[in-house]
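Note that the chains are named A, B and C in the order they appear, and that numbering of residues resets to 1 at the start of each chain.
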Amino acid sequence: MAAERVKKLMQGNEACAEGALYAGCEFYAGYPITPSTEIGEILSYKLPLIGGKFIQMEDEIGGMAATIGGSLAGKKSLTATSGPGLSLKQECIGFAAMAEVPCVIINVMRGGPSTGYPTGPSQSDIMATKWGTHGDTPVIAVTPSYVPEIFTETVRAFNLAEKYRTPVFVLFDEIIGHMREVVTIPHPGELEVIDRAKTDVENKEDYLPYDNRFEIPPLAPFGEGYRYHVTGLNHDEDGFPTNDSKKIDAGNRKILAKIENNKEDIWSCEEVDTEDAEVLVFAFGSSARSASFAVREARKQGIKAGLLRPLTIWPFPDEPLRKAASKAKVVIVPELNLGQTVLEVERTLPGVKVEGLHRVDGEPITPAEILEVIDKYK
Amino acid sequence: MGDRYELRFSGSGGQGMILAGIVMAEAAAIYDNKVAVQSQSYGPESRGGASKAEVIISDSGTIDYPKATAIDCMLALTQEACTKYHGDIKKDGILLIDSDEVKDIPEGDFKVYSFPIIETARGELGKIIVSNIISLGLIAELTGIVSHGAMEKAVLARVPVAFTELNKKALQIGFDKARELKGN
Amino acid sequence: MAEGAAVKKKQKVNVPFDYDKYLRKGKLPHIWCPGCGHGIVLKSLLRAIDKVGLDKSSICMASGIGCSSRTPGYVDFNTLHSLHGRAIAFATGVKLAKPEMNILVTIGDGDALAIGGNHFIHACRRNIDMTVIIYSNAIYGMTGGQVSPTTPEGAMSTTSPHGNMEPAFDACAVAEASGASFVARSTAYHMQELEKVLTAAIEHKGMSVVEVLDSCPVYYGRQNKYKSASHMMEEIEKKGTVSGAQAKNLSEEEIGDRFVRGILKQDKDGVEYCDAYDNLIAKVQVKK
């Protein structure tokens, strides 16, 4: 009989660090910033215990750059930050996307713009995550709502990063980052852990880091004899810069297509009472917890309310949303910003009434506030 | 609002309100096999000034909204915290106050229990630092939301071994005094 | 057989050093302008690598953005052409994750000292084992001749059209003060000295910084009335510097504004960052 699983009351940020370790993370580079700092603190303690590496870099940019370096050396690599740090990391994140270097970026969202409200929750980096770095950039972002889910979604983020050779964001907010819930740590092997694919070329000279035979070519680690080139410039299969307009076009499309073509694998959503929902709430992160409460209360009152809770916010879950909203008269989108995700919901559901519910005062959206909007449509 | 028991621990920064919340959550969720969520006000507020921690406990299932909405039991160790945070106590809920600190007792449709918590910690145990542990004993007995055994395990798991006896005593004082308070 | 032997013999006579062994010949010609010193620096660097005997697969050459940062594209190592200013930070990640790798960073003066200045000083402070070669030509060449942190006061550039009003950084002084354990300066003109300095830098364990003064005749030379590339080398690299041996016998006044060449600092006792981390791992794993 297997040993009993470790059950521990932990903060969201701690669950994130534990999830990273479970996923096989061996490298962390970052810079302290409220409210994500605990993730780095915990890993600075735990990584050396397993022979992994932690480095506090001189700034946020260096944190992202070194994370990419660690990944090129073959380690599963992580950085964690919050709003202003995300802004600083953006150029490097674009590099990771362009050069197809897997890595995971935790963003414990706080109030913005600028320094904003460091100790208050926010969900205002949704669009910055998608569009923050210049160019057409592929983005995967997962959005856990519960502390145990931060653990599992961090594992999933590493899996997606390695599988799709791309930076993956884990977005949560100060509320879940700092609250405590019980996490039952799964045994090794209980959750799927995806490791980096290995190249099958026989002669190392033949290795192509962007081999067009593959949708997602295997990435060989530095230092094992493959001796390839990595650049943020538009490049050819061999990694070297190209001025060939056909190749530039193909390369730009390829990094987006690998996400677009695999959306169904990347998407994850929880549906609550959506089958007959006339009032659908679309909510993620901490707002989804309030929404869950509100929808339950609405059902008690006889309102046909439902909740679609995306655990993947990018690529945007448009098909699951269309399905869940098939009977909806209205879709309510509560979020801790002044209108970001709601734009995607409107884009996805032309002709359907969409109502945003927004709060940017550093306090969570309460179930009562959501219920009040639901009540308008009963 | 259903299967939720809501607690709020309030006082000033440094009185161990967040630790009290953590211990309560662990007593419920680790040792009594219930479900619990603990949260706190974070940041400048936690350094001096009014500070609070909240715990939501459920017998089963998932606790979605993590913050207090209708409080079943609130502790206030200072007047400022009491004045600022008592508004969410529900009908027939419990307000436990430090009788020396809170003189302006709020009126409402709830039961007020009053006890010199900090003075007892200082006088009987010589350490005001255990005021929060006495409070946990009082609340465990007043509310019955967690078992004494679970509470004791949770407290002892969180305090240094050298202070085991001190904290056991503090907890016992809480249990005993709460029984007296209920009797009155 | 006989033919092969003849070729070998011929090579021995005519090609004293086999650069091809290290070059990605298919990626040549390089982008550097006629008269640019960067090719000389690369040649010296390859000879130094050969002398130290580094395995090509063990080398990670990282760079930022700029003319000198195109160097990794031409050499047969693990090569990382990163972002402007960030080469040292990327390289720090590679090195810490895989300490057995030999890290070379080839960057310009703007990359190292302006946009990447913070990474530069902190990598020096950590004394992480890498060799940073600053191709220091006092100008932003790739963008067409703008003022850089090493442009001398008064010099002309496209963004100092009235003469540079800012004082210049002394890259070696910055490195020394920041804690690099090996600091040296040479020039493209002094090719043999440069090779020796680079050899010592690569052999040194810890942060090695080598500032190589070289010339950008197209963007610096033209704006500052140098007649030719060779004229620039004569004026800036030869007359503008003194060797460490010469400097010993000269007063500060006699040295004037000339740069001193040679190994300026070599501290073999300092603890290297990755070694320190390995010690930390050993310590905490025992405790566990």
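In the analysis below, a contact is a pair of C-beta atoms (placed from the backbone, for glycine too) under 8 Å apart; a residue touches a chain by one contact, two chains touch by 3 or more.
Quantities reported herein were computed from a predicted structural model and do not represent experimental measurements.
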Contact graph of the chains (line, ring, star, complete, other): line
Distance-to-centre winner among chains (Cα means, whole assembly as reference): A
Chain whose average C-alpha position is farthest from chain B's own: C
Between chain A and chain C, centroid-to-centroid distance (C-alpha), Å: 39
Cα-centroid distance, chain A relative to chain B, in whole angstrom: 36
Averaged-CA centre spacing for the pair chain C and chain B, given as whole angstrom: 63
Numbers and ranges of chain A residues touching at least 2 other chains: none
Numbers and ranges of chain C residues touching at least 2 other chains: none
In the complex with chain A, residue positions of chain C that touch it: 27, 56-58, 60, 62, 72-73, 76-83, 85-86, 89-98, 100-101, 118-119, 121-122, 277, 280-281, 284-285, 288
Chain A partner contacts - residues on chain B that touch it in the complex: 1-2, 22, 25-26, 29-30, 35-40, 42-45, 62-67, 69
Chain B-touching residues of chain A, taken from the complex the two chains share: 7-9, 34-35, 118-120, 146, 174-176, 178-182, 286, 289-290, 292-293, 296-297, 364, 366-368
In the complex, chain A residues that touch chain C: 26-27, 29, 48-49, 51, 53, 55, 57-59, 61-62, 65-75, 77, 91-92, 95, 221-233, 240-241
